[in-house]
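Letters A, B, C and D name the chains as they come in the text, with residue numbers starting at 1 for each one.
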Amino acid sequence: MDNETIFEVVERDGLLVHQGVIRVPYTWAAGEVASKFYMGLRDKKIYGIRCPHCDIVFVPPKKVCHRCFDNLTEWVEVSDEGTLETFTIVYYSEPELHPMKAPFAYGIIKLDGADTGITHLIGEANLNRLREGMRLKAVFRDEPQGNYLDIKCFKPIERANHG
Amino acid sequence: MARRTAIVGVGQTYHTSKRKDVNGQELINEAVKRALEDANLTLKDIDAIIIGNMDHFEAINYVDCWSVDGSGAFMKPIMKVTTGGSTGGTLGACAYYHVASGFFDVVMAIGWEKNSESDTQAAISTCADPILERDFFGGAIGPNAAEYAMYMKEYGATQEDAALVAVRDHNNALNNPYAHLRKFITVEDVMNSPMLCWPIKLLDSCPRSDGACAVIYASEDRAPKITPKPAWVHATAVSHDYVYFGDFDWEAMPTLEATATRVYKRAGITNPLKEIDVMELYLPFSTCGVIWMEHMWVCSRGESPSLIRRGVFDMEGELPVNPSGGVLSTNPIGATALIRIGEAALQVMGKAGDRQVSNVKTAMATAFGSCYWFEATILRATKP
Amino acid sequence: MSAPAGRGKELLEISSGEAEHVYYWHCGHYMSQFLLGLRDRKTILGIKCPRCGRVYVPPREVCGRCFVTMDEWVDLGTEGYIYAFTVVKLPYIDPNTGKPIKVPRTDVYVKLDGADTCLMHWLDETDEKKIAVGARVKAVFKKRRRGTIHDIEYFKQI
Amino acid sequence: MDRAAIIGVGQTKYERGKTKNFAELVYEVVRKALDDAGMELDDIDNVVTTTNDFWDGRTIACMAIAEAAGSYGRDATNVEGDGTLSSFYGLMRTLSGVYNSTIVTTHCKVSEGSPRKLFNQAFDPVYERLLGLDAISSSALQARAYMNKFGITEEQCALVSVKNHRNAKNNPYAHLPLDITVEDVMNSPMLAEPIKRLDTSPISDGACAIIMATEKEARRRTKRPIWVKGVAHCTDAYRLGERDLTYSSALETAAKKAYQMAGITDPWRQIDVAEVYDAFSYMELMWYEGLGFCGRGEGGKLIESGRTEMGGELPVNPSGGVLSAHSVQVAGMARIAEAVLQLRGEAGKRQVPGAKVALAHGINGICAQTHCVWILSSEER
């Protein structure tokens, strides 16, 4: 019976601190809508869903419009390019959370054809040159796994004739 | 001055073991839409929303905020309540106080769980104190099993008495299209099902389900305009105890007795067996359906088995219990107790379909959480 | 435009992988004393309410019934009786490890002599027929103790 | 709305690494609130606790504090969310006609878990969670969106941090009283552009409790009830890409409703002191705008004007605010407790002279998706 589950016991001023852990694994159902979105990414296509009532194209797609509460069924392919609305460059390190090594950037990108922003990583970029309004393009993961990181990141679009 | 409050709409999902076709928000949305449809309301009519579940089943922090796409809380007030298995009772009470206080006129309570998304027992065992009890908590079945073992010894009850409760609830579920387990069973089936913890067997215990339930509460002014026969809330009550699992006295069930006593007093009930027409009880094990009737003052100590054998709590009996099939047939944990309230309301409103008990004037719903947290609600067809 | 082409109605699931959350739980002023009692004195400490006389184990600061601070420590020794037990046969995921627990395992509620509440622990017997509610039990301590509840290795029937 | 009053408050000192466990912290503040109200637990007929299964590291976290909160034998319930929300539920129960007096507790030991990882659990597991966003990085997206749109400068945000840490020196409960300059903030390590270390709030442990009572009960118990004049909460869209990150409509909606209940048409004239949930320095500027203290995009100019400093016309966060003590889930209720002390004239060195009407504000979720606004007054009418 060596099921000792407390890693470390620290005694300080006659009081104890136990270092413990919770490791419960989860499997979340993506549902039909998100599944379709991820299947699109396999083909390097980004799908949104349109609310005809509110005339909003949601990317990523969702089943119900939060504004009018109608079920959404009108799938729309949007561009893999878009405009950077806001971003941040992260300097601290949180290896268990961060898919990239600091410094790296997060951004909210409005893809051409979409009305909502997609929150994602910005990569393959000179971080010092990130600006609101700049154009970005999706970089797809080579071997899709059916999750949000099947878009690896968004990268700046190099203007054809700059410099 | 308290405002009178009634339930005016109920919606739930078709509960099942695993819903792969919807994520959590979408599951919630199904129940919400059905409740709105039931009350013939639109989302615009809802002034505030309350949602609840148990975090460690799905690992979503700030569920109230996350839920917006499903719950409809965009630019509305929403808050989250949670008390474990009793969450649904806590939700119903919270919706009631939202209206009774005068702050809101029409309020929706939503309970949900996707138990398929984690290992239910792993998640549940994190409710035990991490330093002293977590490693020794393999579930609530042990105390319940010991409780029934002692009860059998003291009052001459049998395992078959508990099996009768299981048979009643499971077979009632055949009349409920929303129930998760809908299969005809016999006492022999229960007795022959695998022993989990003597004397509790597999068919004596509840399943784990994916599901959601939404219940709409409305003020005195609004309720009669929404539905001709609202289910009026006459009383709610809660009692709970203990910090550690080892604290509770489950032979005396003081929290259930306190809850029952309080809710009867608030609703003016002196003889529950005679005055209540139907009960939707949160019975996690069939054995609870034997013993707890006594702690709820439905009959005196040791008398429950004979009432069960006589069919007093069957559909055609004097006090039908769990026409819906109860927790033994459906258990999306954060929704389970709200389903009890919703089902009790449907009975009062006369909208329970094939599971309708005739002429229900007073209904009672209970909730049970793993910290022996009991909640109870009394609904009536007449105004308080 | 209709649904994205190809691959039919595949339904995906997202996995958390081996996610974990580390906590540094402070045992506080009462539980620490209890754990030090196990570690240093191989004894189980309870605490008594000055008003109602109820003896709580594990010890804590406040008696919920009387809402008074408790400070009378009681040495409960190491023996008591089985109040309830469960032989866990289905291997659920241990939330501490993310791996299935070893079964069978007997979880036991021990009513220690002189206590009004139960202490939870394991029993070294997993054959249900050999365990009785009401049976006398005794705590078996580990040799190497560090101030956790596992300083008691298990309880055994006397 | 019928009248209810706050008649007792209790707070711990906020600090990192408190040695008391959850129950011991809650017992401390419940005892303090009861003593403050001159009551015993027997005088209380129902209890609302506030817990979070992630921060507390256990599910059904309310179990751990049941005895300490006084729940035994009483009608009890439990909210998961900011303390302003659980307090609102406590107020509803108080006004429901079922109870006379309600105690509401909240506690959090942020130092015991991994705050960034626990906050990441607020993101949708089906979509964005894998990005690894947390409170700092998501708020940085909001901060930049807001600052870029209106030309708010990092120095203007830094002024909030300077003001609030300085105010905290007058608050014995505060975790981080500091004498700092705008330069100090600007020179502090960059965490997630534009948020620097001194733009963020500390990791604090603590607890808070308040006692509410019906008008009748309040008059019977105390000569100095603090009346609740208005409360409202409101929630925005979930996904960041679906919100206007530069302006909080949810706060505007909540504030307007609370103001309407309280009969407030001109906050500058009618509110004497405000305690707002400034988890990051930029937030206080955005909340000025949502609360109608200034127009859209004018938060930067308002902090520069000094009108929200101690001695200004409407001091904001005399306590030092959340930047000086951030015990998640407690921080909103602490705002209410501080407002009560101000209105009683018991706020010590942080007292705003003659304060009669106070605003308290709480937030919940990612980038303050939910806001809750309270208006309190020492005057009956």
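Criterion: a residue touches a chain if its C-beta (ideal position, glycine included) is under 8 Å from a C-beta of that chain, and two chains touch if they have at least 3 such contacts.
Not measured: the values here are computed from a predicted model.
**Student:** Can you list every chain in contact with both chain A and chain C?
**Tutor:** Neighbours common to chain A and chain C are B, D.
**Student:** Using Cα averages as centroids, what's the distance between chain A and chain D in whole Å?
**Tutor:** Using C-alpha averages as centres, the distance is 30 Å.
**Student:** From the C-alpha centre of chain A to that of chain B, how far is it in Å?
**Tutor:** Going by mean C-alpha positions, chain A sits 38 Å from chain B.
**Student:** Could you give the separation in Å between the centres of chain B and chain D, each centre being the mean of its C-alpha atoms?
**Tutor:** Chain centres of chain B and chain D, defined by C-alpha means, are spaced 34 Å apart.
**Student:** Mind pulling the chain A residues that touch 2 or more other chains?
**Tutor:** Chain A, residues with two or more chain partners: 3, 5-6, 15, 18, 20, 22, 24-32, 34, 66, 147.
**Student:** For chain C, what residues touch not just one other chain but two or more?
**Tutor:** In chain C, 11, 13-14, 16, 19, 21-29, 31, 35, 60, 64, 93-96, 101, 122, 148, 150 touch at least two other chains.
**Student:** Which residues does chain D have that touch at least 2 chains other than itself?
**Tutor:** Each of 19, 23, 54, 57, 66-68, 71-73, 117-118, 125-126, 237-238 in chain D touches at least two other chains.
**Student:** Answer with line, ring, star, complete or other to describe the graph linking chains that touch.
**Tutor:** If you draw each chain as a dot and join those that touch, every dot ends up joined to every other.
**Student:** Which residues of chain B touch chain D in the complex?
**Tutor:** 1-3, 23, 54-69, 73-84, 90, 93-94, 96-98, 100-103, 123-124, 126-130, 134, 237-243, 258, 262, 266, 369-371
**Student:** For chain A, which residues are in contact with chain D within the complex?
**Tutor:** Residue positions touching the partner: 12-13, 15, 20, 22, 26, 28-31, 34, 58-60, 66, 85-92, 94, 96-99, 106-108, 110, 116-121, 132, 147-149.
**Student:** Using the touch rule from the top, collect the residues of chain B that touch chain A in their complex.
**Tutor:** The contact residues of chain B facing chain A are 18-26, 29, 33, 42-43, 56, 58-59, 68-70, 72, 74, 114, 116-119, 122-123, 126, 130-131, 134-135.
**Student:** Which chain A residues qualify as touching chain C in the complex?
**Tutor:** 1, 3-6, 9, 11, 14-32, 34-36, 38-40, 42-43, 45, 47, 74-77, 146-147
**Student:** Over in the complex, which chain D residues touch chain B? Could you list them?
**Tutor:** Touch residues, chain D against chain B: 1-2, 23, 51-54, 57-60, 62-68, 71-81, 85, 88-89, 91-98, 118-119, 121-122, 124-126, 231-238, 249-250, 253-254, 364-366, 369-370.
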